[in-house]
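Going in written order, the chains are labelled A, B, C, D and E, and every chain counts its residues from 1.
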Amino acid sequence: MRFLSDLWRILRNDKGALVGGVIVLIYGLVAIFGPVFVQVGDEQDASQAYQPPSWEHPLGTDSLGQGVLEQIIVGTQPIMIVGVMSAVITIFIGVAVGLLTGYIGGVVDTIVMRITDIFLTIPGLPLIIVLASVIHTTNPFVLACILSITAWAGLARAIRSQAMSLRSSDFVEAAQLQGVSLGNMIGRQLLPNVGPYVAIHFLLAITGAIYASVGLFLLGIAPISGNNWGIMINLAMAQGALYTTDSAFYLFSPMAAIVILQVSFVFFSRALDSVFNPRLRVQ
Amino acid sequence: ACTAGTAGGGTPGAGAASDPTAPGDSSKFLTFFPCCSWNTTWSFNPYNVNGLGIQNDFVTLRLAIVKSPSLTEFIPQLADTWEIVDGKLNVHLREDAKWQDDTPVTSKDLHDTAILNALRGDGFWNDITSVDIVDDHTVAFTLKEGQPESLAKLDILNAIRPYPSSVYGKLVTDELKQDVIKYYTTAHRDPEQAGKLPEFKRMSAAFKDLAAMKVEKLIGNGPFQLENITTKEAKLVKWDGFWDANKITFAGIRYLNGSTQTVYPQLFSGNVHFSNVYMPPPILQRWKKTPDSNTALPLAFGFTMLFNSSKKPLDSKAVRQALAYVIPRQQISEAAYGTDEAAGGTWKEVNTGISPSLEAIYLDQGKLDQLNKYPVDEAKATQLLEGEGFTKKGDQWIKPDGEPFTLTFIANAETTDIVTSFNSAAKALTAFGIKSEVNATSGAQQNADQHNGDFDIGSGFVGGNNPLGMYNSLLGPGYNFSKLGNYAGKRGIGFGPTKNVPGLGEVDVVSTIDGQVRAIEPGPEMNAQVWNWAQLVNEEVPYIWYATKVYQFPFSTKEFTNWPPLNDQNTSELWDIIAADMNGGVSLAIQQGFITPKP
Amino acid sequence: MSLLEIQDVTHTYATGSGRPVLHDVNLSTGEGEIVALVGESGCGKTTLGRLIAGLHEPSSGRISFDGTDIAGLRGNRRRQWRRKVQMVHQDPYGSLNPGLTIGSTLAPGILQHKLATWRTVQPEMIKLLQQVGLDATPAFLQRYPHQLSGGQRQRVSIARAISLQPSLIVADEVTSMLDVSMRVAILDLLLSFQRDRGIGYVFISHDFGVVRYFAQGGRIAVMFFGYIVEEGPVEELITSPRHPYTHMLLQAIPVPDPVLVRKRDEEGRDPERMIGEPATSGCVFANRCPLVQDVCRKQAPALTEIGTGHRSACHFSDEVPPLVHLTDDAA
Amino acid sequence: MVSYVVKRLAMSLLIIYIVISLSFFMIRLMPGNPMAALEAQLRMQGGLSEVEIQQRISSVYGVTPNAPVGEQYLQYVWGAIRGDLGVPIMNPGTTVTAVIAEALPWTIMVVAVSLIISFLIGIAIGAMMAAFQNSRFSQAMTFIVSFLSAVPSYLVAIALLYFLTSVYQVFPSGGAYAVDVTPGFNGPYLLSVLYHAFLPIVASVITSFGGWALGMKGSAISVLGSEYVRAAEARGLSDRRITQSYVGRNSMLPMVTQLALSIGFMFGGSVFIETYFQYPGIGFYMIQSVNQRDYSLMMGCFLLITVSVIVTNLLVDLLYPLVDPRIANPAARKRAVDKTADPDQEVLPAGGTMA
Amino acid sequence: MSSPVTNDDQHLLEVDDLTVAFGDGPGSVRAVENVSLSVGAGEIYALVGESGCGKSTLAYSLLQIVPPPGQITGGTVRFRGASTTTMSKRELNALRGAELAMVFQGAMNAFNPVLTIGTQVDHILQAHPEVFADPKDGRDYFRHLLDLVQLPADRIWKSYESQLSGGMKQRVAIAVALLLRPSVVILDEPTTALDVLNQRLVIDILKDLHRTLGVTIIFVTHDLAVVAELATRVAVMYAGRLVESGTVEEIFKAGRRHPYVEALINAIPSVLDAGLRVRPIGGAVPNLAELPGGCRFAPRCARAEDLCHETEPPLLGDDHGHLVACHVVNRRPELVEVSKA
């Protein structure tokens, strides 16, 4: 496929993006297979607490004497699930609303766009905090829904304006003249043309969702239950890790995990951007 | 008889309190970081629902401070003498006490405060029927019929913190006083009827006005005056009008506020001289290595895990006992507190449901030995569960209804030690085949969940000096099938309407323990009742005492010296008071000339 | 009977300035006939073309196809009509979806109208490509538009239009974006469909040379700011225009012959009249008309028959001067 | 223009109204209502009987839980319109409005200062990256800037706390000013305010200037490649003139548009920053009230954040024609903004979808 | 002017063996290859060719503003004898606008959208104080130019680019180019995007300006009809190379003519007749990256011989300076009468 070969060509030239892509891939694999290979054991030994890195525990141990690395690996999945799920919801709603309103136009468009405006204006993070504090949930799907509460609106607007310009583009008109079905129109004519934007936005939506969800765990607004990076940082902070060097690994490892993932996503999305964006491709 | 407390604790000789030969730098400020942060001060009105952290014993004194763990001995503060005559507690205020606007503290201040406290519903009104001015410095509290005297003293002397009548007194009228008296005399007989009285409505209206009063300036009567306050810190400066001002050898207190962790670096650097925050093991390690560091370890309190015994399958005694055999209490305690000497030493076995220090006072060793110790014993647990129809499929226990047996702990995310312990307990349960996890939320959320019965295993804090009070806090109306309020009828911990309590027979647990705590003074009766409840808790396992926490008081001798002296247990009478009553104890120590700048 | 009948069509864009873009336009074309629309930029040619193709509904007036008003068509009959009128756009780069292969561009319409089945659609498409003179291989169907030259793309667009076997094609400046060298080939291709299949065209252009080449034997309608000001047979209209606007347009055309250029320039022109806003009352062309008289300001001339099949909307259609360089230099 | 302003105002009012309604329903109708939380808190304080607890709650708040919801709703909305958002559940001695009035200036100060600083730094760096395109500097800077903009602000806050308040105790770990100064217009106070605001500002600047830099770079590169710049060169204009009036100005315009959008994002991010630095702004109180389930204060803070964002957006919208004279009609600008929403134009900060 | 200036009217602007390449290495494209031209003062010089054959690139290189990654890799451009290829930035700036002015292809984007036309004119006046000592004179002159291009001066002065129609912008751009009384104006496709009437207006205006101001005009187009209308001399390009140049009469009437030019003329349907002689040119312009060997037009040329496919034909001229690069034509000069059938 053209896309893949272009992507590969770009990645070969843009080392940052390549590294980013590889890291994202690794995280993905860790999220999927990590829990199969690594478990945070139920056996515990308080005398092993807050150990510095060692062969047995490459990133040291936490308050229960359990390996930080293991927890980071196991904590990848819940974070990625919420991030991806939220991004899927965001993208789905954003694209559906954007394409339909942009293509159909008229009263539907006016009404839906007013609603979108409202979501666009209300600052996202505070709303998420308010909702998360009221809807206490450990269910990743519900959490993902909360995280996408306003994120879709910006996408919907952008997609809508693209759909609107596509609607008046010659090739869409030509397809209309061919009498193609609405499904073909949206699925084949419009969607592929907003595809690049959607793909990039998908990655950024994941980073956005991870940013917000980790934030919720850090602030203690999302229930601390199970194991993920936000919870790890929260616990480490609460145990005073900010103020001793003894448990610095316990605190900074999950932070590093987040930063590396976020940065990789951004670098990788830059490559996608160049694949899709002829102007940048020239450079 | 006037039971004026004797000043000071420990061995005053060791201190240099009254030794004027080595004065320190009197311009120094003591930096004090108490563990629990206060909320922003929007008004200095103490009648806001939220207790104001800053209305404390440095600025505004109480009548007297109770010693610890005694329930009957007091150290005078604003009141210098008190006695009970003809069913009346006559409290005499110090003649040399002054408000910080230089007006004297009089009986009117105390009287008005008592009336206003009635609007707020302060506990001492359960003990009295009236309050009257006797003379300029004496106020008489008329005790209700049959009221145990020592409990009344505790409620009145240790709890009332008089506020200046010049500020709040304008709300006190004769009618209001009559309403209060009428309401409480009715309430003593029949609380529900009292709630319907027109007097009650008027009191409510008055309280609303009182709570809404905006007070811009804090006028106290203690050794320190509030000079400035931000979200981070309150600056208290020494007030020269205080009667014992000459014993105070430094310029003031920086009373810090903030999340507990922010104290650590300041402790290590010696910027904070004193605190009572929880120090997790790594912090403790570092503290011990810090120069001039000291840790006092007075008195213990405890943490318990509470079972929702109205929810299947935890409603079964056998299941609760099985859990007690599985949860490695020592291990989970050490996970949170470590085994370090500076953390209070090793783990303590508790099977009675009250703290070891109270066990020592109210129960004898013979009795303690009779109780089941619930050692970790998976075989026992298996046997108990199988007896209840549980089966084990693979690694997982299956309930009689065919569902897997899983449990969720809830905890306040800010109390990391509890979260850590619960995590540890959950792992042990999971390893045993009961898949468990911890759900940590805000404290308020956790509370609401526990009261609504939306939990499997919750957490409870047990402290104080009254053993019956300890039982009451977990088995009494606070958590149980309450008949009143928003939680009326909701499930909580504890037991259903009645239960067979050893020595008491089939009784309503909630009202029985609640009544006892108000009616039984220290003495043989108290000892007997404690034993009854201890047996109940031991057998029924409504909660598990899993950690005996000793207070850690890190203090630095880098800039201040002459801390209250410690015995070889690293404790002393004054430290015990500090443990039970942080601000009161520290204030006392300073007033007595302890804690002085280094020369 | 005429195939397409436009009656009193007025159109205003909802998003536009509010001024009608078309005023009481009347036009008709018969089966296999070519009607060319010419006029300056913004006069409404494309708009009229889009109305004919059914991409917009006229604000008022009636467009009927094969005798029935297209606004009233529903269901199957609408689908039938949809198939019959197609359009080829100006921009060969914009009219093909860059994300779709040639095959997926062509197939949906054919399948939608059941002109082929899943099985037969590929041979059908290859046949189409052959007809428009493209490399008719299955591999070509897999190509993307960006892999084709402008001329090839325009051929694909034409293939798409004829794939539904239409009887009328609206061709909107189909050659203006193409290189000079390719234009004639495209025009010839379109003409071949007229010859072989009787497809009629509404041919939009502002290049009289192209119009004269393409619409031989057909008619020209000259538009000015939403009005049809003159309409007539191609040769007659070009050689002896009967509306001053048509005259002005023809005179403005650059001629690729330096000798003729000099000759025509002697006629002289008034640059100020070549541009400018239309009049709001009376004859729309009054502001720019060299023949303007008082009556023109007061009364709008109707589009009246002035010869067989020749109509002009001018009070002084007889006074329009002859075009020196177009008429008498044939020798 | 006038009708646009009216429309815009109406829309803003509508959103405010919706947020007010949202507040009401959250406060009143959510499971485990705030009174229950308060009750629990009072019970934990001990010493109060159940009757007394009820008594206190009903007397302090005048809560009449039995009044019809519709009536309560109207009361709340009417109150909110007059600026009366009730009293904080945990602090009835004051009003939500008073708390907010105290907190808002701090937030606005930090948000405004960090926005301006990060905008200026970002624009400068972005312009340099565009000017020295393909140079080492530009490559290195692109990396640094993409990196920083991808790092969540709260992690930066944690790192700053770790290094600058704990390991090296250079800055205070919280508060808006020290207790030793008297608030007012005096030197020590102002210095103390700056000193305390430093870390919060640095934390948000570090994470947000990168977005500006990247946006500016993209914008400047596209302007540099535009015809009119080459036309200006062809007319012999000096480099300085071209840089200032042609490249600089035109590439700044989309950035200015973004500025409005980013205000909401900055307000959101301030929640984290204020919480970690215990900075007494709206975000700090919001999280505090969330943790205490003080719904009335929480929703008050939320309402205020929303209103601030709406008002700033409105102002930016109305003032925009001054910056971009092409568009006297802001509606036209809206269309322009919609158009520029294509991926290569957009500034994408980390968590950009939250904006 | 600091550079040595000759007043040789015959050689106002000389292009010598110019090559412009985009990119370097194997993927590079030579958009202009070994092109030599000479423009005399007062001429109207047309550059003709199909899309992509390098006309704009050549025009840009006259002002040394080839957009990156393009760069002049060989040859020189001399203005009044001074080589612009070796000039400093400062000297170039003095030259640009004041002596050599350019109107870009698609004048739509030639103005800064956020500045008024007036401001931009002021910028130009400030950049060249030597032309109008008093900027007011400059403004007045601009007004006069606007009059000449049939535009209302007051309105235009205050307008933004977005408030002008395409035809207006094209004319404003021409006026701006003439502002500093340059000796040469280069116009890239000044009529392409315009409709008949606007095109006519621009043509007439250019003729007018040429006559009244005596300015030398170089314009780029692919429309031979416009060439016939305007030009005095013509250069025809094909795929980066010059294939023919001469006076407009020579091009349209001459006997010795490049087959490409001939095909081009024959491919245009003209309003002059019903199109009987019109013949399309087969094939397409080659991609510059994959040029055929030999003559670049050979694959499409009806008269191509074996030689044409092997070696590139040299550009040969007769004594009038009529140059043609074709093996066939140069060998057997035969008269081909081009006129209406």
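Methods note: a residue touches a chain if its C-beta (ideal position, glycine included) is under 8 Å from a C-beta of that chain, and two chains touch if they have at least 3 such contacts.
Note that the structure is a prediction, hence the values are computed from the model and not measured.
The chains touching chain C as well as chain D are A, E. Hopping across touching chains, the smallest step count from chain A to chain B is 1. Path length between chain D and chain E in the touching-chain graph (shortest route): 1. Put simply, the chain farthest from chain C by mean CA position is B. If you average the CA atoms of chain C and of chain E, the two centres end up 32 Å from each other.
Computed from the mean C-alpha positions, the centre of chain A lies at a distance of 53 Å from the centre of chain E.
Between chain B and chain D, the centres computed from C-alpha atoms are 40 Å apart. Within chain C, no positions touching two or more other chains are listed. For chain B, the set of residues that touch two or more other chains comprises 264-265, 414, 442, 445. Along chain A, residues 133, 220-221, 237, 242-243 each make contact with two or more other chains. Contact annotation for chain pairs lists A-B, A-C, A-D, B-D, C-E, D-E, with touch applied as defined.
On the chain B side of its complex with chain A, the touching residues are 261, 264-265, 268, 279-283, 285-286, 331, 334-336, 338-339, 408, 413-414, 416, 419-420, 423-424, 427-428, 430-431, 437-442, 445.
On the chain C side of its complex with chain A, the touching residues are 50, 53-55, 79, 82-83, 85-87, 89-91, 94-100, 104-105, 108-109, 112-113, 144, 157, 160-161, 163-164. Within the complex formed with chain D, the chain E residues making contact are 63, 65, 67, 89, 92-98, 101-102, 104, 106, 108-116, 119-120, 123-124, 126-128, 160, 162, 176.
Chain D makes touch with chain B in their complex at residues 32, 35-56, 58-60, 62, 87, 89-94, 98-99, 102, 165-166, 169, 172-180, 182, 278, 280, 284-285, 288, 290-293. Remark: chain A residues 2, 169-181, 184, 188-189, 192-193, 195 touch chain C in the complex.
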